[in-house]
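To start, the structure itself, in structure tokens.
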Amino acid sequence: MTKKVLVINPVATDEWNETDKDYLKKVVSKDTVLELVNIEKGPTSIESFYDENFAVPGILQIIKEKKDLFDGIMINCFADPGIYAAREICDIPIAGPGESALMTATLLGHKFSIVSVKKNVIPMFEMKVKVLGLSKRLASVEFIDTSVSDLEKDKDKTVNRIVEAAKKAVQDKHAEVVILGCTGMLSLYKEVKGKINVPVIEPAAAAIKLLEKVIELNLSHSRAGLYAYPLLDKIKGY
Amino acid sequence: MTKKVLVINPVATDEWNETDKDYLKKVVSKDTVLELVNIEKGPTSIESFYDENFAVPGILQIIKEKKDLFDGIMINCFADPGIYAAREICDIPIAGPGESALMTATLLGHKFSIVSVKKNVIPMFEMKVKVLGLSKRLASVEFIDTSVSDLEKDKDKTVNRIVEAAKKAVQDKHAEVVILGCTGMLSLYKEVKGKINVPVIEPAAAAIKLLEKVIELNLSHSRAGLYAYPLLDKIKGY
Amino acid sequence: MTKKVLVINPVATDEWNETDKDYLKKVVSKDTVLELVNIEKGPTSIESFYDENFAVPGILQIIKEKKDLFDGIMINCFADPGIYAAREICDIPIAGPGESALMTATLLGHKFSIVSVKKNVIPMFEMKVKVLGLSKRLASVEFIDTSVSDLEKDKDKTVNRIVEAAKKAVQDKHAEVVILGCTGMLSLYKEVKGKINVPVIEPAAAAIKLLEKVIELNLSHSRAGLYAYPLLDKIKGY
Amino acid sequence: MTKKVLVINPVATDEWNETDKDYLKKVVSKDTVLELVNIEKGPTSIESFYDENFAVPGILQIIKEKKDLFDGIMINCFADPGIYAAREICDIPIAGPGESALMTATLLGHKFSIVSVKKNVIPMFEMKVKVLGLSKRLASVEFIDTSVSDLEKDKDKTVNRIVEAAKKAVQDKHAEVVILGCTGMLSLYKEVKGKINVPVIEPAAAAIKLLEKVIELNLSHSRAGLYAYPLLDKIKGY
Amino acid sequence: MTKKVLVINPVATDEWNETDKDYLKKVVSKDTVLELVNIEKGPTSIESFYDENFAVPGILQIIKEKKDLFDGIMINCFADPGIYAAREICDIPIAGPGESALMTATLLGHKFSIVSVKKNVIPMFEMKVKVLGLSKRLASVEFIDTSVSDLEKDKDKTVNRIVEAAKKAVQDKHAEVVILGCTGMLSLYKEVKGKINVPVIEPAAAAIKLLEKVIELNLSHSRAGLYAYPLLDKIKGY
Amino acid sequence: MTKKVLVINPVATDEWNETDKDYLKKVVSKDTVLELVNIEKGPTSIESFYDENFAVPGILQIIKEKKDLFDGIMINCFADPGIYAAREICDIPIAGPGESALMTATLLGHKFSIVSVKKNVIPMFEMKVKVLGLSKRLASVEFIDTSVSDLEKDKDKTVNRIVEAAKKAVQDKHAEVVILGCTGMLSLYKEVKGKINVPVIEPAAAAIKLLEKVIELNLSHSRAGLYAYPLLDKIKGY
């Protein structure tokens, strides 16, 4: 079953497009056709609510334009920016790396930890997990005190910090599964995975595979509640 | 203690500015100076995640411009759009009607119900209450099946629907307090309140009073976690 | 990527083998090779803890024998009998229809309802959902008062009862997604789905697709906690 | 709007009356008239359930006598002794420092910690927070191992212990807001606040300000459930 | 093992002493010696927080006087008045009918309902169950709209109301166990039990049996946290 | 009241029968007649889901044979194997040490910790406590890294490890009550209890005493929900 999937990098830069596309192409099934675009206006990375809020209009505008050409859309950021509004405005399934990684983790162990970038991810992702109703499966949120833009500056150092944080989560918080809490870490996944002896989930891969499965099951989000059809013509100035 | 408070109507219309300002002026203390502005670009009302996502950039831009001129800011919509990002970018307290009304309700009875506009408010506000950690105090979310723009078309009808929904919540769900779940209902508050024999909270009033209180206590939000300082110059195209 | 998947029908009858295999073959990817077996000793259907407890030894014995020949195993019953012990004794991923359907549902709407067979499913599945930590996403468990063995006796009647229960869940309990709470309903899925206007999840299909995904992602369950290696030679008399 | 507020020190001593009145006078609005009384019979400080239980009859008797002369009442102890019964017997709003401080804290950060006196406060206040339905916002309860009567013996030492406990909560438990968990600490507030770089809430001030706002909003507690009218004449011997 | 047990009727009347003693004598083991006393000052029945607060000093004074003469104490009211303070001031086990009935119910079915007197019991007992951490096992609180003093006025009518409320709980809220939510209903227990086909728990009996058990196991409450030793000499005027 | 109680050791060995019977005989009332049997086929100890799943058919077969000869049954393992199915197939009360110990602990302190054998008990018993709805009362699960079969090899060493784990729970996790999380520890109870200054609960004793009380109260489990009557003749090959 051929599936056309759009991946939106919710950052106003094409810096990661090639790496991300290469990575995701290796992950998807043979019959999945991938397109990857970034937004034009917005933040160059998402590390705060402020960044996220300026990324969403651009995401939604791409979706409005392109949704009829695809079978599913993945918004490539662990924070899942705009995922709810995206579901309001289209009938095809929308996948978010955060949501997808968390759900996948529940299948692999009792509790999971998320390893992410700066300290503010602790309350942010505790809140995210709470919204999804999964707090009882969360062991902890850990951070490596490295900003998104610095993740690939010294790859060995970043890998070491992730591995150290993950081991702490496994040892002290009884995490059984580790989730990389930033899709910017995807280029480091292979190396990290080799150094940790519990399952490690890379969220972009989890999201695109879950999206394929939802498409293949011929399912999409419900229109009966949270994702009702909005009025589209009420927006001025965009 | 003189307090200068900015109220932002997060809608791209000045339609409600006068009514809202008149209403809030009667609510605030004598020594509170009120300014009310609306956003330029965005939705004309907020009834979906889609609307909310297009309202936030405009809210944040007003805050960036004006924050040094005020002691506190109230974002005048029950959905509290942009409240987290707003706190990231300023040191003065930010009040949201949703948050404020919910917290006030906990002081007045065991459980509260929220009465709002269309059916999608049920999951939306259940989620909002969950994020705030208050689900155990929520009796129910009720809706009157009237859109924001129609609330004042036939005021009597709207009041009746609100009263009916509230009474159902009190009778069947054991609500002890009723919250109006849309600041667009503020012009109907007086009439509604007179017809319901449990406390009714109008969220814009609750927000501006709590904001005064926080200012007077010389408090503001913490910078140690959820509301860290974001990098402001990463946003392109806005 | 070729994937060999074993499906275990945890009932001591080959009655459903053919139907189930035909159904699942249509669901899996082209490169998935399916084998389906039933247990030899145990109940002819699973509708109580008693049934479940007598089904599990047979399931585990099949797994011990065959695990080295497959890339993943699906235990074809919504109750997920023996899923934890199965994970203890093998390194390949084990999928359960219950777990998989519930996790899939969380991606499609705010709250889900489960429609299943007899009245005792209400506490049983409330407990199951609680164990998975998903109670906050559960709208309700509904039952159609028909035993597993009678599901296909009068298909129209069964379909009508399922549809009626599902509509009640959507209307009265605000379910946005409906899960068929018995894999014995898979032959009715198509018809049911056509009569309900929210997403309907058939758990056997959800399980086998999630299993494919987990295999493709090269993941399996953690050995760091819940699923430790048991001593296998302590069992006498089996 | 002139507001007459009664503050009840629920201790059988006038030892703190003057300090407390001076402190609270600086906190209230210009148009608030304050009266402060202590109970005649009961404990000299509240540090156990035992103390609390002997304090309440005296509190309620003052309220019965004086309620018609005031617009609101604040019971000046973090344990909020008798707050539920007080609401049963009067129609004017009743504020408790515990409840008020906790609700205020939710507006200022993701999680808060309470710093209080002896070790038994840990389960006591965990229980209090649970009753209010706010456990998900609680980072921790910390204690300084100093009894109420010793708090002011060596002020520097007490301040240091509070600051140390607060810093531990911020560092290790991710508290973003600190609440002083005893109104006996109010004379130390200023000094403590200066030494901690997250918001610090002094509960007596939070309570009296919140009470002013509730009075100004013309609200009071609901009579529809928890706070029903009791029969007053059933009490013998008091 | 001979066990001396004190039962305290926390009401300022000896009206129920004989009935209660007769009832409990039939419940206890042969080797249990029972003494039953009522308080001198306080309410004539407990139906509000107000009543409860005036009952507790009398309870505690009896305990202080008599604790050395007994192996355990039961406070004979479903509200468990003063149970925490009682544990602070003595080392022998203290049983409360509310606590005991709720814990017993968890052993007999998935969810329980409490049937009690007036409407305010709904939030009161929801709160009580929440404090005990058992909310997930609560199906509902039901009330029969009859005050404690009227329970025995027309016994048939009261029995019918209890049975009706219990059946509603079983049918509509999926209660599997029913708890009588007032020890004043003990004289009606036998008759009620005969008319309901799920287990019915009478809390005074449950409490005294659990108390016997705890005494026989040579256990008592912990002193390490919630029940620390209070200073007894701080109370003035009692 | 004479009570005949069957104790089932769910292990395929008579190794512990004598010790256990001796121990329990000292615990029960004079009028309790005890019979203790072990299963014929199954594991020699229960330390994994795998073990548990192979123990249950043997337990249920004993119960089917012998239930008419007894007033109550206790399944002598902290994991409470087969307890739900056991309740389905008999009308007399079934007690489990895990369930009984947890419920008893709630009466003795705010939070309890469980001390058990190997590391996998942490998620296992966290899950068990969650199913029972008691997570809010759990301080922690601790393990001593000793397998069941080694518990009595070096008793002093085992006692020391239990005491050390218990003290850690009391000190660091604020446990007020300690539960021995394996009935294989019953021979060490006396010694352990003497070395820990909070209440220690031995679960087999707690279970058999609770069972006596339930029998004396003439109660048994509900048939209205979780424990419905199963069809017994559907099982093949056992």
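By written order: A, B, C, D, E and F. Residues from 1 in each chain.
Keep this in mind: a contact is a pair of C-beta atoms (placed from the backbone, for glycine too) under 8 Å apart; a residue touches a chain by one contact, two chains touch by 3 or more.
Computed from a prediction, not measured in an experiment: that's the story for all the values here.
> By that same contact rule, can you tell me which chains touch chain B and chain F alike?
Both-contact set = A, C, D, E.
> Working from the CA atoms, figure out how many degrees chain B turns to land on chain D, in steps of 5.
180
> Check the residue numbers that chain A and chain D use where they touch, and answer same if over half are used by both copies, otherwise different.
Since fewer than half of the residue numbers are used by both chains, the interface counts as different.
> Can you tell me which pair among B-D, A-D or C-F shares over half of its residue-numbered contact pairs with C-E?
Comparing residue numbers across B-D, A-D or C-F, the repeat of C-E turns out to be A-D.
> With chain centres taken as the means of their Cα atoms, state the distance from chain A to chain B in Å.
Each chain reduced to its C-alpha mean, chain A and chain B end up 30 Å apart.
> Return the distance between the CA-based centres of chain D and chain F, expressed in whole Å.
One centre to the other, that is 44 Å.
> For chain B, what residues touch not just one other chain but two or more?
Each of 109-111, 122-123, 127, 130, 133, 135-136, 174, 176, 225-227 in chain B touches at least two other chains.
> Which two-chain combinations touch?
Every pair of chains in contact is listed here: A-B, A-C, A-D, A-F, B-C, B-D, B-E, C-E, C-F, D-E, D-F, E-F.
> Report the residues of chain C in contact with chain F in the complex, numbered from low to high.
Result: residues 12-13, 40-45, 47-54, 56-57, 60, 82, 84-85, 88-89, 118-120, 122-124, 127, 130-131, 133, 225-228, 230-232, 234-238 of chain C touch chain F.
> Per the contact definition, I'd like the list of chain D residues that touch chain B in the complex.
Contacts found on chain D: 27, 29, 93, 95, 99-100, 103-104, 106-111, 132-137, 170, 174-177, 197-199, 201, 205-206, 209-210, 212-214, 216-217, 219-227.
> Spell out the residues on chain C that touch chain B in their complex, using ranges where they run on.
Chain C residues touching chain B: 109-111, 136, 174, 176.
> Which part of chain A faces chain D closely enough to touch in the complex?
Residues 122-123, 126-127, 130, 135.
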